[in-house]
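One structure below.
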Amino acid sequence: MMKRIFAGSYLGLLLVMLYAPILIIIIFSFTEAKVLGNWTGFSLKLYRSLLVTGVHHSLASALWNTLIIGLIAAFVSMLLGTMAAIGIFNLRPRARKAVHLVNSIPVLNPDIITAISLFLLFVSLGISQGMTTVILAHISFCTPYVVLSVLPRLIRMNENLYEAALDLGATPFQALRKIMLPELKPGMISGFILAFTLSIDDFVVTLFTIGNQGLETLSTYIYADARKGGLTPELRPLSAIIFISVLLMLLVINRRAAKNKS
Amino acid sequence: MQNSESIIDIGHVSKYFGEKAALDDVSFTVRKGEFVTILGPSGCGKTTLLRLIAGFLTVTEGSISIAGTDVTTIPPYLRPVNTVFQKYALFPHLNVFNNIAFGLNLKKRPSDEIKKRVNKVLKMVGMTDYEERDVDSLSGGQQQRVAIARAIVNEPEVLLLDEPLAALDLKMRKDMQMEIKAMHKKLGISFVYVTHDQEEALTLSDTIVVMSEGKIQQMGTPKAIYDEPANAFVADFIGESNILNGIMIEDNLVSFAGHQFECVDKGFESQEPVDVVLRPEDLYIFDPSEAAMLTGKVTSSIFKGVHYEMVVLTTEGYEFIIQDYHCFDAGKDVGLRVKPSDIHVMKKERLFNTFSGTVVDKAHVRFLNQVFECAEASSFTLGSTVSVYIDFKDVVLFDYEEDGLFGGDVKFILYKGNHYHLTVSTHGNENIYIDTNDVWDTSDRVGITFAPGSIHITNINS
Amino acid sequence: MAQPKFLTLLSLRRNWAIPYLLYLFVFVLIPLFLIVMYAFMDTEGTATLANFRKFWMQPEALNTFIYSVGIALITTFLCLILGFPAAYILSKTNTRGARILILLFILPMWINFLIRTLATVALFDFLNLPLGQGALLFGMVYNFLPFMIYPIYNVLQKTDQNLIEAAQDLGANPRQVFLKTIVPLSVPGITSGIMMVFMPVISTFAIAELLTINNIKLFGSTLQENIYNGMWNYGAALSLVMLLLIGVTSLLGSEGGAKSEEGGLL
């Protein structure tokens, strides 16, 4: 019993440490003060200006860019990664091992190395940097995760399913569409979500590939903000909203997973 | 309901995976309405053969025709056969009805026809009212029934079954065997059934094809295969047997276990070494008397439900397994007798290990990708190609691979009454045959050496 | 007639990896090659070792490098000390509870890490704690702790309960069970946890600047500054130094993993 209480309070303490900063943000999203940490009384002004009156243009466009880049990168990664997973699955063991190795490079590489290497690629090729280069860069570090989430489903899949479809008269294309895709869908969806999350959270690679045409994503906007010595107040309610919605989403997913299991 | 019209023709089919031959020049015919079982241990090529018929693999050499059409290069979805897979391969995202209707939906049959046909096969496999069920919620036996229903609803000319009962427990398996047999009768189509279970094969089939190492060992009715096994492998694999080395003295007279016996086999050369098979139930066991052909002592006696299974060690040192309704306890002296017609004499597949090699120098010969010391090499010219012979008993095995000149895995063990005959496969996939008194297990990893002076060579032309 | 179509489709399935392989080639392999190329070149494009000489001679970059490795080691150590018990407790919790707790540990990752770091700054302000090395370590541990907990938890959770029971059966007391069975079995998780913490910590920038009011610089910042100031060749050389460190770490990591696998077999 003592043991359990001790264990429980240990986890509790760690969670308090992890959540303290987030709690600070949420608490201070309900006050107007320009500087984080100043309590000037309860107010919903920041929420109002974020949701109703509209924030100033640059934050809105940064948010917009982040979403666009995230969605495109995640979608392309999902297609490219799923195709790749099917291809890799059908390779001979030795070739499969080699591709696995290359696939793990972007996963293991620290952001900054990926960022610098891609920066050098774009400047060497003389490609002007902007939205396109950011998306290309994001695809390169998101796709491996799609491959890694689709491959296990292929491996776990009954190896005869595809053949069974052919046996029952499906052409290879029909077998793919009617049997393989429904089977791979969960892996593709989690790959998409993972890719989207990585993309919108990315800062370093974006910073190096976004160029200097004034394009901003949420990350680079916050970075520029922080260097100027402060956080745009509206980011507090924005973070709070993102946090709460992710929390809700995860709880729903967890509920459904638990339900499916029982 | 059989007629002689053939539905599947397998003509000289070989299949290579890289260097390795999974099937080596296999030919046979399945007649219309026939129940053919392909029987063999794992890795014998039986599943490869089935997959070639289904079209999931393409042959390296040879041809396959189904219903008079050459389908050698026809993809699976255009072949008039359907498969029941070992692990069922039901589509997890479709319910029972949609799994069964999959093939008919692809053919764009009208929905009332689909409904009618699905219901009909569901009734046939005893799964009426299960249409809406999720396939994951079914038991193994039920999934198996759905898998069969999904295949036969398309009214194929041939139903292929790949070890369909392997994942079921014993009781369930027996029930399903009967159902499959009844279904075969009712449908009137040909079944090609793959299994490693000899008892299943004997129960179900019109014809059994026994395979080993990519080759057909024997083909025939269950009775013919049981009563007249073509070689030691078949005898050992089908049912229980006493297999011994023997020598054919003359027609109708064979010597084994230290005695001469009258038999009904002829056509062998005088003094030809042969394999002799005696089924345990064909040996008579009784208290010692004048009538005994062999005498010995019971070393173990086990009650097996209907009969007793006893092991008798004869005075000459040979062990026999005997099944009888009467019990003779361990330690008892007994006499044994066998009818001439129950002695099965078989030609030996080989009398010694044979390899082709090259003479490297005066004292060395190269074969199995290795150089061996060989005293006989001195009388051959350098670089000449020779045949290498090594007696079964001159091969030495070690517990550790490193202790031998090269390594291998024990693939097959045959007890010959007073010694073991092993087949060991080297890493280069060459078979080496060994006679030994030591006990090994299948898939043991061993080191192999040849006793000095035991490597005999002759010129390849001589 | 059907043969050519069938064969092309069949071969197509293996070929499906080709677009991605091309992508990997252009956007992963060539860029890495460019780092190597730039590192051994001067601005004129002639081959030289000057960039590496500069790294070796200039105390600033070298010191930052050594300091960063130190910070990364300390962070990794702290994450391991704090994370292992957490992972162990989680693996002992029933599945449903553990799943929610794991989610709680991962959840903060969904907040942009810059915002989280700024919030940490605010927290330190709020608690009247000074910003500096302490804040930096806190921020690092805070950011990377989940990456340590998760892999260890994963391995521990998959551990065959029979192994622990076998150890008890063979006479191990709880302490021995923990030290001689659970810890050795979790080595693969620990290894990947270490890799997932150590390598990103060296390369982070921004976190250090924000948490130390620009007083402490990590190697990641050095890289970024050089590239930003147009010193591509020197920046590439520094990147290569980092890549080498990563290569060595991964090699040690995979060796540790292999060893533990051997140990597992015994």
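Every chain is named by a letter (A, B and C) in the order it is written, and numbering of its residues begins at 1.
We adopt the following convention: a contact is a pair of C-beta atoms (placed from the backbone, for glycine too) under 8 Å apart; a residue touches a chain by one contact, two chains touch by 3 or more.
Model, not experiment: these values are computed from the prediction.
Comparing mean CA positions across the assembly, the chain most remote from subunit C is B. This structure's chain pair with the greatest number of C-beta contacts is A-C. Subunit C has its Cα centroid 53 Å from the Cα centroid of subunit B. Centroid to centroid, with C-alpha atoms defining each point, subunit A and subunit C lie 17 Å apart.
Centre to centre, using the average C-alpha position, subunit A and subunit B are separated by 55 Å. Contact of a single residue of subunit A with at least two other chains is seen at positions 172.
Multi-chain contact residues of subunit C, defined as those touching 2 or more other chains: 6. Touching two or more other chains at once are residues 75 of subunit B. Residues 7, 10-11, 14-15, 17-22, 24-25, 28, 36-37, 80-81, 83-84, 86-88, 90-91, 99, 102-103, 105-106, 108-114, 116-121, 123-124, 136-137, 139-140, 143, 147, 172-173, 197, 200-201, 203-204, 207-208, 218-219, 222-223, 226-227, 231, 235, 239, 242-243, 246-247, 250, 254, 257-258 of subunit A touch subunit C in their complex.
If you check the complex, the residues on subunit C that touch subunit A are 6, 9-10, 13-21, 23-24, 26-32, 34-35, 38, 82, 85-86, 89-90, 92, 96, 99-101, 103-105, 107-116, 118-123, 125-126, 142, 145-146, 195, 199-200, 202-206, 209-210, 220, 223-224, 227, 232, 235-236, 239, 242-243, 246, 250.
Touching subunit B in their complex are the following residues of subunit A: 158, 160-161, 163-172, 174, 178-179, 182-183. Here subunit B touches subunit A in the complex through residues 54-56, 75-77, 81-83, 85-93, 102-103, 106-107, 150-151, 154, going by the rule given at the top.
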